[in-house]
Amino acid sequence: MDPTDAEAACFEAGIKFGTLYHQFAGTPVSPESAPSLERAMEEAIENQPFCADCSVDVLADELDTTHDYTELTGEYMEVRMRIEYGDRVVHTEMAMEDGYPLMRVVDVSER
Amino acid sequence: MDPTDAEAACFEAGIKFGTLYHQFAGTPVSPESAPSLERAMEEAIENQPFCADCSVDVLADELDTTHDYTELTGEYMEVRMRIEYGDRVVHTEMAMEDGYPLMRVVDVSER
Amino acid sequence: MDPTDAEAACFEAGIKFGTLYHQFAGTPVSPESAPSLERAMEEAIENQPFCADCSVDVLADELDTTHDYTELTGEYMEVRMRIEYGDRVVHTEMAMEDGYPLMRVVDVSER
Amino acid sequence: MDPTDAEAACFEAGIKFGTLYHQFAGTPVSPESAPSLERAMEEAIENQPFCADCSVDVLADELDTTHDYTELTGEYMEVRMRIEYGDRVVHTEMAMEDGYPLMRVVDVSER
């Protein structure tokens, strides 16, 4: 069967998470450059269709600064997004869980 | 509300598409290296949870070879995936449509 | 033989260009989000060792906006960097030449 | 001054390392998929100009398999390249050193 609006909304939400993570993982990041990276990530993803809001928190205090900077990985970021598709709105988030950057759908509702 | 199995399956499908596209877009590719890139993309994505099958076709005949190689972009690839989550199976695909690499859910069914 | 300071400086310059290009190529970008992406790219690369200055110009006026946004590729950016290593300074730049994003060493001098 | 052939060779070598690392870091990888990823990385980089040989070893035995797969990072790969430019040949390598994926020029010689 064709997807429902809610299913299509969840598909779109997943695309945004995969994009954000795999576009930006590996970026050289330091506590000083974390804010500009957060902003660029948010605005890049908000370009994509159906993405009503994207909020990225790079955990500057937890960055490994042994070599002054490190590479962005899932353990250093928390992300929330709101996707709107047809008459549905989906809230999603990414955060570490058991050593793994878990992306999940938090809520599916009518707009 | 929490997502249904079908919605979670669609979310997972979206993650795989975003991952595949933004991990590998930009890779230097030529007709000769297209097969090894296809294989690596398929096997990389099949590592991710709930991805039962991933099939990538890099359109070797269409690659711009003015400079011997080019960078992988959406116009040079076609992708199909089967995602299984709980009792649901989702078929998805990516192909060019109107100059844009469109990712879409083709079918949502019971397994 | 071991590299001279000038050769090591050129090697470091090349690393930065490869990093910048392949980390950020594919990022969804629009005229509105171009400034935040420029800033994030500059600050990310300046984290890397020996990079004294990195300047990125995303050519907002030339972005394809048929679908509101496009993906960042070499045709949409101009980059300059100054690398300092030992007693040498290297100036490099990237710009389109004959349809190809050419990265080149502009000057190698004593500091 | 314009770069010498040796300096241009080192610049080209650096580009390849930055490309390889930042194109492929973050790729989902398991012991099973490591060989296809190695091959794709080698062939992708060998497309680039002046790259006479690229050899990638993904350290399959060291991959974190707690969640079956992990993301490719510098700690899981060793890379060697031979770059030829004009009458010069440059050997380079990347391996972990003190917790950091160090890329370095091993030798600069006449061809």
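Per-chain residue numbering starts at 1, and chain names A, B, C and D are given in the order in which the chains are listed.
Convention: contacts are C-beta pairs under 8 Å (C-beta built on N, C-alpha and C of every residue); 3 or more make two chains touch, one makes a residue touch a chain.
Quick caveat, the model's predicted, so the values are computed rather than measured.
Peer 1: Please identify which chain has its centre, taken as the mean of its CA atoms, farthest from the centre of subunit B.
Peer 2: C
Peer 1: Using the touch rule from the top, work out which pair, A-B or B-C, shares more C-beta pairs.
Peer 2: A-B
Peer 1: What is the distance, in whole Å, between the centres of subunit A and subunit C, each centre taken as the mean of its C-alpha atoms?
Peer 2: So the centre of subunit A lies 25 Å away from the centre of subunit C.
Peer 1: Could you tell me the distance, in whole angstrom, between the mean C-alpha positions of subunit A and subunit B?
Peer 2: Spacing between the chain centres: roughly 19 Å.
Peer 1: State, to the nearest whole Å, the distance from the C-alpha centre of subunit B to the C-alpha centre of subunit C.
Peer 2: 29
Peer 1: For subunit B, jot down the residues that touch at least 2 other chains.
Peer 2: Where subunit B meets two or more other chains at a single residue, that happens at 19, 21-23, 26.
Peer 1: In the complex, go through subunit B and note every residue touching subunit C.
Peer 2: 21-22, 25-26, 66-67, 71, 73-74, 99-100
Peer 1: For the complex, give me every residue of subunit D touching subunit C.
Peer 2: 1-4, 6-8, 10-23, 92, 103-105, 107-109
Peer 1: Please output the residues of subunit A touching subunit C within their complex, sorted ascending.
Peer 2: Counting only subunit A, the residues touching subunit C are 19, 23-24, 26-30, 32-33, 36-37, 39-49, 68-69.
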